[in-house]
Each structure stands twice: as C-alpha cells, then as structure tokens.
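Look for chain A in each of the two complexes below; its partner is chain B in the first and chain C in the second.
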Partner chain A sequence: MEAMSPLERVLRGIALTLVVVFFMFPIVWIFLMSFQTNETILRIPPSIVFTPTLDNYAALITGKLQTAAGTLDIAFMRNLGNSVFLSVVSVAVALALGVPAAYAFARHKFRGSEDIAFTLLSFRFAPPLLVLLPLTQYFQWLGLSNTYFGLIWVYQLICLPLILWIVRGYFEDISADVEYAYRIAGHSWFSTFRKIALPLAGPGIAAAGLLAFIFAWNNFVFALVLASADKQPVTVGALAFVTASGIQYGQIAAAIVLSITPTLALALYAQRYLVEGLSLGAVKG
Partner chain B sequence: MASVTQTRAVPRGFRISKRVLPYVLSLPALLVCIGILIPFFSAVVYSFQRYRLSQPWARQFNWGENYLNFFTDSGFWNTLRVSLLYAGTTVILELLLGLGIALLLQRRSTVNNFISIMLLLPLMTAPALAALMWKLMTNPGFGILSYFASLIGLENFRWASSPDTALLTVVLVDIWVYTPFIMILLLAGLRSLPTQPFEAAALDGVPRTFVFFRITLPMLTPYILTATLFRLLDSIQQFDIIYAMTQGGPGDTLTVFQVEAYLNFFQSTNVGRSAALLIILWAITYTLSNVFIKNWLRLRERARGEA
Partner chain C sequence: MTTLQLKNIVKRYKGQTVLDLSLDVADGERLVLFGPSGAGKTVLLRLVAGVIDPDEGRVLIGGEDMTDVDAEHRGVGMAFQNFALFPHMSAFDNIASALTARRFSKEAIAAGVEKVARLLKIDHVLSHHPKALSNGQKQRTALARALVGSPPLLLLDDPLRNVDAKLRFEMRLELPRLLAAQGATVIYVTQDYKEAMALGDRIAVMFEGQLRQIGTPADIYDTPAELEIARLFGDPTINLLDVVPQRGPDGAFAELSGVRLRLPGFGPEIVGRACVLGVRPENITFTEASAVGAIPVTVEAETPLNEKTVTLTLTARRREILVSRPAGMPGPQAGPAHLAVNSRATLLFDKGSGRLMRPSEPASKRNGEAA
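And then the complex of A and B:
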C-alpha cells in the first residue's frame, strides 16, 4: 500500500477523476444552466461560454414565468416555504416524540420493547403507497386532506424511525453507571435524563435530526399523494415546471438549484455528523 | 429538550413508577405511528375487494380474485419483471462502483477526504429532483448527454423517451444518487478494519489480489451485506425517480410496483388491484427486511462485543 508504482498512481488518478466528473457534472451543469437564457441553452454544440443572467431567479421570485405563450403564474416561492415549514416542524415533532422513546428503549428492557422497536423500524421498509393510498380516503373523512397538520403527521413515518434508531444507539453507548451515580446523589430520573443522558447523546441527536430533515425535505411521494398545489413542497412543485409546456429551461434549472441548495449546503456544513448518522443508522443502529 | 414541556405538567414530587416510565416515554411515539397503521389494514381489506372509485356501488368482497387474476395478467408479470430487473441492476452496479470508489478513497488524505465529501452531494439531492436534472440533460433538443451521445455516433439517442433505453436512463439516475450511499458505508467499513492482517500480508509479500479476495473482502462482508439489503429494499420500491422521469412510460416500460399501483389508483381508479399489488410488494420487502434486521442485529452485537 505504501509503495505505488507510477503507472498505478496515474491509473488511480484517472479513475478518481472520472468518478468526480460523473458525480459532480450534473450539479455543475444544471447550476450553469440556471444562469442562461433559452437562447444560449439551445446552442448546438453546447458551450459553457455565456453572459450570466439572473432573470430566471427573478422570474421565480416574482412568480411570473416567461413561456413561449406569455407569462405564467407559478408560486414557486410558496413551494419553497412549504418545504422549509414541513421539514422543520416534522423534525421538531419527531425529536420531541422520538428522543424520550429512544431513551426508554435503550435504558429499560420492558415487556414488548423489542417488538415495538421492530414495528417502528419496519415502517422504514414498508412501501409508502401501501399506507398513503388508503390514507387519502381517511384524510378526506377526517378533513385532513391538504392540511399541514396531516402532512406533518404522515412525515413522522420518515422522521420518527430514523431518530428512534439512531438516538437509541447513542443512548445505549452511554454507560448506565454514570446515570446511576447521578441518581444516587438524589436526582430524579428526569433531571438525570436532562443533565446526563441528553448532553452525552447530543451529537447523535444532532446527526439524527439532520438526517431526518434531509429525508423530509427530499420526500416526494407523500406530498404528491396528499397535498394540492398550495401545500406542495419543492420536490412536487418542480415537477409541475416540467409538465407545464413552454417554460424556459433556465427557469426549470433555477428552480432545481433553489430546491437542492438547502440540503446540499447542510450536507457540506455538517458532513461529519451526516456520515456518522448514515453509517450508524445502517450498520450500528 | 422538547420533552421538558411534556413532563413539566407532572407536579413536583410526583413519582412515576419504574415499571410505567418506559411506557410513558414511548407512548406518544407509538400513538402517532399506530394512527398510521390503520390504513395498512384498510389496504389489506381493499386488496380482497372488487373496488373501483368510478363504480363505488359495485364494491364488494371478491376474496382473492385480485390476486388470482395476476396469474393470467401480463401487466402484472411485466411489473414483477421490471421491478426485479431495476432492483437487481441498480444494486449490483452500485455495489461494484461503490466498492471500487471506496477502495480508491481508502487511504486518508486531504484529496480523498475532499472527494468523499463531494460525493455526498448526489446522495443529498432529492431523487425526484435528480430525475428532473437528468431529464434536462437528456432532452433531445438541447440535452448535453444527447449531444455527447451524438458525438460517439448515437444520433437521436432518445434516453427515457424510447422503450429500449428508458430503463437504462432511470438506472443511471439511481446509480448517480445512491452509489455514494454504498461508498460511504464501505469506506467506513474499510477504514475500521484492523491493520495487523494487512501488515502481516505485506511483510510476507502476499500478492495484492490474494489479499483483496482472502482478507479484505471476507472482512468487509458484513458491511457489504448491510449495504446491499438496505439498497435492495429501497430499490425494489423505487417510485420517485421513475415517476418524475417518465411516469412509468413510455407505455408500460417502467411500471414498477409502486408506479403501477399509483397509476391503478389515480388513473384507472382500480383500488382493489392497486392494493393487491402493494400487498405483494410488501410481502417481498417484509421477507427481505426480516433477513436484514436479523443480520443487522448480529452486526450490532458483534460491533458492541469487539468495541
């Protein structure tokens, strides 16, 4: 491993370059496209030489999109707001519900605890439509269809199992002796939970919350089935751009850039937590 | 933190008995999920009914007819075939690629760490949006990939709009999004392997192919299995990429389980068939995930035991 022949070094370099190009190219290309007009996008052969314009973003922000047939009102900023609201509130609710439950599963082997934990985990693996399609009818009866409340409730299916399983692993890693010592000193279980367990599991809770946020943001099918245009997040809203005919391609690209920027920025900002969360969630639990 | 508000309602000095406490803590989470379990049972009931949204008056139990009909239903066999093909191709290709990239990045260096962080980005892109990005790149009019295809002699390569290449196109998007997932897991695995066997092998001058197949691969197997099953479960249920890219088309080329069930429900309003399809998919994933969870628990125990 220490000594690499020059040939091997070159081959590795080429392989890594190809990998980076394949995985980065789409993001870079769409980013470039978002600063172009139809005129420069439609050039053949394509070229990366163009005068950048912010028109596409301006059109999205004002909600008036230029199409071949005139202007079209699409409230994309509303979609963006929905995404932020749905993801933030869903994660907050999931943390409030999931962290105490994870603590219970980690600290107390109570009757049925493993079964319950498995049931919750199995949500992660069930086909979402199996629940969503009947749910459309229940939501109609309950008056929950196309409400934020209903959507956030259903988003718990994504966030809760994730938080439960990652945070549980962190709680299990905290030595019970530390907590016991604190209890012996006359503190209640609740202050033990708050003063000892929560801070020690802090990084795990952060990782789980971050992952849950990204999963919630990236979710597509829940809102596709349960929300109409005014409550839809960006993932569903952007689809309307492609199906609506004649929208300028640069505007579609700009909408995609705005939709993926938050998760990508978060991922870069907190990549260490993220990798830890991903691999814990999958390997260690 | 949020539990502060939850428990503050409990008067000071009130002691929750040790036996009840875990239930109290996990109950809210359970209640939220149980509410969502009810539709699951409705889906089971629907799957045993003749139930079309267009003919609500004709709704009645037909006990298994939806399932029996599948045997003679070429649409169903197409769904099964495409789903398995999609899952099989994506998982095998992603595994090979992910393993290759993880091996390339194994050594800790600034460049390698930077690249592995960059590779997180596709994984953090919403699959539905990733499909739209590739749709823009494969547009026959101005798509850069269509242009590249024409450069290597593939004039009029139609990507997702031709039945011959639609599967290839969505598989490509899946690979773009999810290979980094496998790469991350395997890289974590590779870097956590004990170094002694490798040092010993290097001292003895053991050939590197031998080291790879006899030491690296066996030691990495638990990670490979986990990554594979995780991806397999996701991939056989893939909806976002395929729906955003082609909505199951052209024709019925890409009507995988969830896409077919969605179209059955909302377009042909055949709720019974849609539910039966999803139950079959659920049976497949349930079997797979049981295998997965057992394997996972063993891994966890092993990780704990050694740590």
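And then the complex of A and C:
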C-alpha cells in the first residue's frame, strides 16, 4: 500500500470505526441484553452498567421459563436442534443435487438447458406465501406436512437455485482446456469432474453452501406453516417468548445469541474459502 | 507412430461451417498446420483428440475409426496453446496425470516423469505448482505432460505462442530433436511461418476452415497456391504487383515501368487478363542502368536485418518493390537505381481468384509434337 499521511490515517481509522460501530452495535446490544433481567433491560434511562446474570441462558437450556404468571415450558434447545438438522441436511441435499446439475448446465449446452436453469432460478422470484397455500394442501394430501422430509424438500426451493447458479458460474470460469487436457491424459469424464472440476470450483462450492445454509437457517415462513411445535426451527420457536405476561426480552436476546452462533462460526471458518473463491479468476494458465 | 486420416470432416458452430476438409498424415510424419487465427487449426486438433465431435466425416487413427471413441481411449498426447495446466497440482502431478490413468506402479510413474522432466530441463521444479513456474517452465511442463505417455500421435497446439522470443528460438532448435527421439506422428499448429518451415516435414495451409495447400516447406515457399499463402510465407514479404500480360514475340510479358519482363512458359491464354506478379525480394538484384531489362527505381529506405539487408524502392508509378541482398554486399543507399528481376523465379496469380497460374509450356510443347 502507498504511504499515507498521518492525517489520512487518522481519518481512515475514524471512518472504519464508525462503520464497525454502526454494524456491530445491535449485536453487541443484544449480547449485553442476554445477561440482564427484563427489569434492567426496560429501566429508563437505559444503562450499560448492570449485574450480569446467566438466568436467561439457564432458562433456555433447561426449557423452564419463569414468568410472572408461573413456569412455562419452552422447547428452545429442541428448536435449535431442529434448525441445525434442517439446515445441514437441506444444504447437503442441495449440494448433492445442485453441484452435478451446475456442472451439467455449465459444460453441456443442450436443447432447453437455459430454460430449465432459469425455471429453477425462478423459484426464488415467487413470494413464498404464494407457493405456501397450494403446497400445504398437497403436503397434507401426501402426508408430508409436519415431517422433516417434507420440510427439507421445501427448503430445496431456497437452497437448490442458489447453489446451482453460484456454482455454475464457478464451473464456467474453469477453462475447458484444463478439463480437456485431463480427458486426453486418459481419464474418464467422471474422474475429470471429481479430480479437476470439483477441486477448482471448491471455494465457490463452499461459498454457495454457506450462503444456502444461512438462507435455510433464517427461513421463517415455510417452517411456520408446515411444521408443528416439535419440528420447528428457532426462527419460529422464538415466537414462544411472546407470552401472556409480556415479552421476555432477556430470553429473546439469549436465544438470538445462541442461534446466530452456528452461522457466525461457520462464516468465520469458511472465510478463507470465501476469499479464495473471490480470487479464483487468478488460476488461469 | 501411427497414421491419421480425416475423411470429409465438417464441423459447424451456430450454423456456420468452421471446418470442412480431408487430411492424411503418414506414419511418423511431422505435419505443421499453418494458418491465421480463426482458420480452424485448433478445432481440427480437438476433433482429432476427441474432445469435440465432428458433424460429418470420420477420424481414423492408425486405420481404426475413432470418430465415436471418447478422448481418454484415443491414446493421443496434446499440448495446449494456453498450457492448460492443472492449477491445483504440482508440476510432477501434472505430468504424471498422463500415466496415472493407466494404473502404472508408483515407481514406474515417478521414473517416467523424472525422465521426461530431465529431457525438458524442468526436473528441479517438479514440486512447484503452476503458479510458481515461469512461462517457459509452464510450457515445458505442458509439453512434458503430452510426451510422458509416449503417445503414437502427438498434437501440439502452438506450444511456443505464449513464450518469449529467446525461449521460442531455443525451443525451435530443440523441438525437432525431441520429437524425432519420441518417434511419434506429430501435428504441430503454428501461426509463425518460420516455425512451420523449421519443424514440418509437410505444411498444411488452412484458411477459413479449409485446406488450401499441402506440401513440403520448399513447395509452399516456391510455389504457393494462392496469393494469401504467398503473402504469409517469407520475411520480408513477397512483392506483389498488378500486371496485365501482353503478347510478345517469344511468349507473354508483363510491363514494369516501361520495361518488358518475360513470363517464361506463359502463352497467349493469359494476355489481357488481370494478374498479380509475385517476386520474392531475394530474387531481385540491383544492376547497371545499361543492363537488359533493368527497371528504373528510386531507393527509399534500407533496413539491415542481420544476415540480410532489405531495401525499399519505388517505381516511376510509385509502386513499392522490396529488394533483399545478403548483408555485407554493397548496394545503393539513395537516389535512382536499377533492378533486375530473375524471371524464372516469378509467380503469376490470377487477380480475381488469387490462385497461382501454372505455365502452360508442357501443354504447348505437346501441341507442337502433335503438329
């Protein structure tokens, strides 16, 4: 980098700090809230000085919520488990189906291939609520409503187009000559896919998988309509904190902290792949 | 070693024909495919390698119909113009990829790779990934990958295109020996006529997906079948002058600045036809004004090119004529001069079709015998 004048450096530092504070503030505030009781959260004026308590986390983990009206059972840990299960399996299925499909769309132009690819993308255009009503009817008829199988199937509407279109771009970026060279060296198309195309598109696949995971994790409306209590993910389960005796801000904050942790951890872990993915264009030649 | 036959191959892209030809390559021959970019040379190589399929026609390798055989079963070696190395593998693995598919033992693979790497002087960089290799090393790695399996048919797609001039010169000297040692039938694609002349047993000249001329380097240079081919071979380029041959007492002649230039072998059939006269710069010399057939010109500029000196001259009608002479031979630097054209070394092309016109002498002789 070019040498900067001290003034420039200071201004740049201030600008960066402002941006970080702006984006991190809600998360920090929620993190602080999760260690407070409803009373300290709601006092006026608000203050960041308080005696931390682990009650919120304890309530979530034991599943016993103490409210003014008595003890309430909440299934937060189960919801969290559902979220992990649904998201992981959905992304796994979407990768298993989407990556080979993306390769086919990238490498083999056949009659109608663009139309099929576009149709798959169009699943992302439709407002979910529009799809939901007929889907609910069909799922009840087929016996798929309130099953993990049915939910994972519906989650493909979210994950599959995303993975297909992102990964396809990465496959298209790999020079066809590189694959030809491997074929000519005596390897089958399948081993060319496995040994050349997959590793070279690896960062892209990781990025697409991560993105699909986040979308699946954050999904609310499909799970709200199609799953009952024991199959609900955290996004829907959080509604339980709106109780008859008021909104449990402390527990909501703790629940948010717990539910963003997996995605955050995954994103941090996958960061290097994402960076690699962005610089994939540099591998030519 | 093996033979290659392409029978009536047609390849179209989006309704446009990009390749339409037949070609025979003999056992152990080194055939150079020469032509401008877009001529279909690379498409042809890919068809032979089997990574793209022809729309019509058959590909025969060693007499066997390989048209419907997948690339991995054709047993050819290919080096790509852009190297096409596997970026996520070391140079060793890149080269070894041509052996791993054949289930050789680890030791046999290592030995094979080492051997070809030593031959190509890249044995010290085998552990490097392509990113860490210089352009020349990348090019040698790509070449090594094509050579390592000792394929009977070797396809080299302009392998020296993307390397610097010094390396290109070195490789141009080194390649013939390397390829001869390999004993393979070779198809070599290039856009550089010097490379084509240096490396080819025969040169096949392609334009717009068609084979326009095929012959030894000397054939192509001395009797190019078309104006375009004449223009592409030779540095400095051939002199091309529009002429309309006229009838003279001893056959046809062309007039250059009022001087008659005999067109040996040509008879009345070309008189009055729009033609292009082609004379290579080395077939023109400076001469005395008094010499028979001396063409008056003015010397414009002189360019020394190491082993030769090229002079640009202008005729009275300001037509450019290049004259080449061996370096060290004295010549006029400026002002008026006179040229002598070796009329035996002239080429006459039909202006309309651009095709070379052959002297009709043998035919007229036969007529004479009949009479």
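Criterion: the second predicted complex is superposed on the first by the 237 of 285 C-alpha atoms of A that agree within 3 Å, B and C clash if a C-alpha of one lies under 4 Å from a C-alpha of the other, contacts with A are read in each partner's own complex, and residues count from 1 in each chain.
Here is the rule we go by: a contact is a pair of C-beta atoms (placed from the backbone, for glycine too) under 8 Å apart; a residue touches a chain by one contact, two chains touch by 3 or more.
It should be emphasised that the depicted structure is a prediction, and the values quoted were computed from it without experimental measurement.
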Combined model on chain A: chain C and chain B, fit or clash: fit
Chain B versus chain C as contact partner of A:182, first or second or both or neither: second
Touched partner set for A:21, first chain B, second chain C, both or neither: neither
Touch count on chain A, higher of chain B and chain C: B
Which of chain B and chain C A:199 touches, first, second, both or neither: second
Gap in Å between nearest CA atoms once chain C and chain B share a frame through chain A: 9
Residues of chain A at both interfaces, chain B in one complex, chain C in the other: 189, 283-285
Residues of chain A defined as touching chain C within the complex: 175, 177-178, 180-189, 191, 196, 199-200, 283-285
Residue ranges of chain A in contact with chain B within the complex: 1, 12, 15-16, 19-20, 22-24, 26-27, 29-30, 33, 41-46, 92, 95-101, 103-105, 107-108, 110, 113, 116, 118-123, 125-135, 137-138, 153-154, 156-157, 160, 164, 169, 189-190, 193-194, 198, 214, 217-221, 224-225, 234-236, 238-239, 241-242, 249, 252-253, 256, 259-260, 263-264, 266-268, 271, 274-275, 278-279, 282-285
Chain C to chain A touching residues, read off their complex: 46, 49-51, 70-78, 80, 82-88, 97-98, 100-102, 130-131, 138, 145, 149
Chain B residues touching chain A - in the complex, by the definition given at the top: 1-4, 6-7, 16, 19, 21-23, 25-26, 28-30, 32-33, 35-36, 38-40, 42-43, 46, 100-101, 104-105, 107, 115, 117-130, 132-137, 139, 141-142, 144, 147, 176, 179-181, 184-185, 188-189, 198, 202, 222-223, 226-227, 230, 233, 237, 239-240, 243-244, 257-258, 261-262, 265, 271, 274-275, 278-279, 281-282, 285-286, 288-289, 292-293, 296-297, 299-300, 303
